[in-house]
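You will see chain A twice below: alongside chain B first, and alongside chain C after that.
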Partner chain A sequence: MNFRNFIASLAVLGSLAAPAFADDELYTKQFGGKPGMAKITHEMMVGVLADPRIKDFFAKTDIERLEFLLAEQFCELVGGPCKYSGRDMKTVHRGEKINTAHFNFLAEHLQVAMENNGVPTWAQNKLIAKLAPMHRDVTEPR
Partner chain B sequence: MRTAPWFARVGLAAAASFAVLGGQAAEVEFAAFDKEGKPLPNVIVSAMPTTGAPPASGAKTEVVGQKGWEFTPYVTAVRVGSKVQFPNLDRTTHHVKSFSPAKEFEFFLAADKGASPVIEFDKAGAVVVYCTLHDWMRAYVYIVDTPWFAKAAETGMGKLTDLPNGTYKLTAWHPDLGSFGTPLTQTVTLKDGAAKVKFDFALVPRKPRMPKVLPQA
Partner chain C sequence: MERAACIRAAAVVAALTSTCAFAQGFTRPDQGKLTATGGVTQIEGAGGGGLTPWALITGYGSRDSYGGNAHSTFVDLSDYSLGTYGVAAGFHDRFEVSFSTWRFKGTDGALDGVKIEQDVVGLKLRVAGDAVYGQDSWLPQVALGAQFKRNKGITGLEGLGVSKPTDLGAKDNNGTDYYVAATKVFLDQSLLANVTARFTKANQFGLLGFGGDLQDKYKLRFEGSIAYLVTRKLAVGAEYRAKPHNLGVDDEGSAKDVFIAWFPTKNFSVTAAYVDLGTIVNPFVPGKQRGAYLSGQIGF
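Let's look at the complex of A and B:
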């Protein structure tokens, strides 16, 4: 699935369909709070590490720590009671030569993980919408 | 007819009362191995009776220090209700954090301030402790709800003691299983003496390495 198109088409739908919840409810109810988000990021990384298109990026990465930082970051992005404690996106991904295709592959695994954990589409879109602008800091023009 | 000597009678009486009370007669000796058949240290084995609840004993206070830019010990097992102290023994700052469902906490430990925060672990599970300043620093607190547990030594071996005779489910966990890997289990029936069990893990241990050049603190 093309990530950009996906966002473009669903951002509209998402904003229409999204019930008006307090932000904390988005995290605790839709993403399952701490255990839910931990499971989503874990399953996302299991998918990424099994994907020959992008797994080599992570050959030397401490996956346990990466999952922890992603769970923390996603929690913060959906309005949960967390504060991301890792490095900034530009610094971490600099020099990795990540392109838009790689970015979309990773996003697919996130979407599959959210889907498999029962996160409703409108709630998925809330997180995706926060991640989309990070594209700029994560990828490099080829 | 000769009566049995007094010590034999005492011995018999003691054995009988043990059986009636479910005496603490048994032990479990375990040996853990990795995927390559090498002894696997840091495995936690715990025993849960298959019927009835274990006695409520065994909660205590442990210490996980930060020393030489490492957490020591690397792996600690405790009973639910136990406390763990996290003193900073380094002349540098550490920022200790757990983001695990079983227990979340976070504290910034300035160098040389002698701070030693205490965390109470009130839920069973695996807790991964990070230092947000030093990527490789990692500690695990594994919380069980039974008084019978032990950590494998460097030899991969360990021993559970003082178990009443009966049937138990043994659970063996290793830090590389983290919060998501499934621990190994087996059932043993204990009847006096020591039962010997073996756990073969399908992993090769990886512990985050401290870099040769430390970042400026």
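Let's look at the complex of A and C:
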């Protein structure tokens, strides 16, 4: 199979799989806008804080502020009218000794929160696609 | 043992990898990869789709840990059935070792009652990229692999003086496939794509030996998989696998499938597919060999 054709057919399939929409529509329609995203980040953190594998990372964290910053960041990442006002990922996580498993356990709580709030998988994956490369800055360098 | 040194050693001696993993001071698997990102078990036992090995390392061990699984697969074709089972392990999301044993049977037609068995040992080393975390890069995850296949004989054709593939015109009963696999998850599109280039002499996956009267050289054959991630626990897709044609007595072609894979937990997955393996020993057994494929995997 010709690789270029293969990639081209992927692009076609991709455009069929994910309906076209204006950027703001992803935030407002699929994630429920500001109230929706606030609910998602809150429920995600409820899950995280109940998870013995990762809850200790947040022992000294101002959870309310963290939820606010996450909602702001996720809003920006899915094209909503927000600008993340927190510190950069590398600085925030420096020295925390976060590994790949910790990173993914938190991501799973986000996925569950999105599922429970009716965000369709294709829209969830658009946010996860933006978060995944942060693995590099969040986890401990090797 | 230092990690880099450990990986180098692992590449050389498969048996040592578990020792390396434990020597690093952990005893428990972390199940630290996201659901479905270890793939399922392909027909020869490697982490992949159904027909095609992927660059993903099997199991749910992250780069800090290890994972393992056992699988059983059954394929019910028009004139044959194939049952395989085996085990596989992934270390540091970097290195994979697998074992699979096959029992292939004629269930109808001219080869009804004939049995062929083979064992496959697989090794895979991830060499570049990250299929999941590299969302901001075009580089796919790339792995090199080898599958060592040993034919355990043909029974039911003794009357024709056939008890092994070489009796049918194959040049060898045992052989090795080498492959390069490139896998990328396009999260923004909820798609997984894989392309595998395989250097092979195998006749019908090795069931009919290696090389033949028509040719006895390694051939480059392409395989591809595409999957749509319906939910994080459900994927549907299709695969294609080209194969060489070495044996005069077997008009061998390509194999394809459409599949659905369900991952209710990280400890269990089931894959159902409709496969078309093309003809097998056509013209003696005419017609495409098509049918249902069912595979279950348990692991961590």
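Going forward, the second predicted complex is superposed on the first by the 124 of 142 C-alpha atoms of A that agree within 3 Å, B and C clash if a C-alpha of one lies under 4 Å from a C-alpha of the other, contacts with A are read in each partner's own complex, and residues count from 1 in each chain.
One rule holds in what follows: a residue touches a chain if its C-beta (ideal position, glycine included) is under 8 Å from a C-beta of that chain, and two chains touch if they have at least 3 such contacts.
Quantities reported herein were computed from a predicted structural model and do not represent experimental measurements.
Asks: State whether A:72 touches chain B only (first), chain C only (second), both chains, or neither.
Replies: first
Asks: Chain A residues in contact: does chain B have more, or chain C?
Replies: C
Asks: Looking at the overlay, what does A:38 touch: chain B (first), chain C (second), both, or neither?
Replies: First partner only.
Asks: Kindly classify A:105 by the partners it touches after superposition: chain B alone (first), chain C alone (second), both, or neither?
Replies: A:105: touches chain C, not chain B.
Asks: Looking at A:117 after the superposition, I want to know if it touches chain B, chain C, both of them or none. Which is it: first, second, both, neither?
Replies: In the superposition, A:117 touches no partner, neither chain B nor chain C.
Asks: Using the superposition described at the top, list the residues of chain A that contact chain B and also contact chain C.
Replies: No residue sits in both footprints.
Asks: For the complex, give me every residue of chain C touching chain A.
Replies: 3, 30-35, 62-65, 93, 132-137, 186-191, 193, 195, 222, 224, 226, 228-232, 240
Asks: Where on chain A is chain B touching in the complex?
Replies: Residues in contact with chain B: 34-35, 38-39, 42, 62, 64-65, 68, 71-72, 82, 85-86.
Asks: Residue numbers of chain B touching chain A in their complex, please.
Replies: Listed in rising order, the residues are 95, 97, 99-101, 104, 128, 130, 132, 135-136, 138, 178-180, 208.
Asks: So in the complex, the part of chain A that touches chain C is made up of which residues?
Replies: 1, 3, 6-7, 10, 13-15, 17-18, 99-102, 104-105, 107-108, 111, 115, 121-122, 124-126, 128-130, 132-133, 135-136, 142
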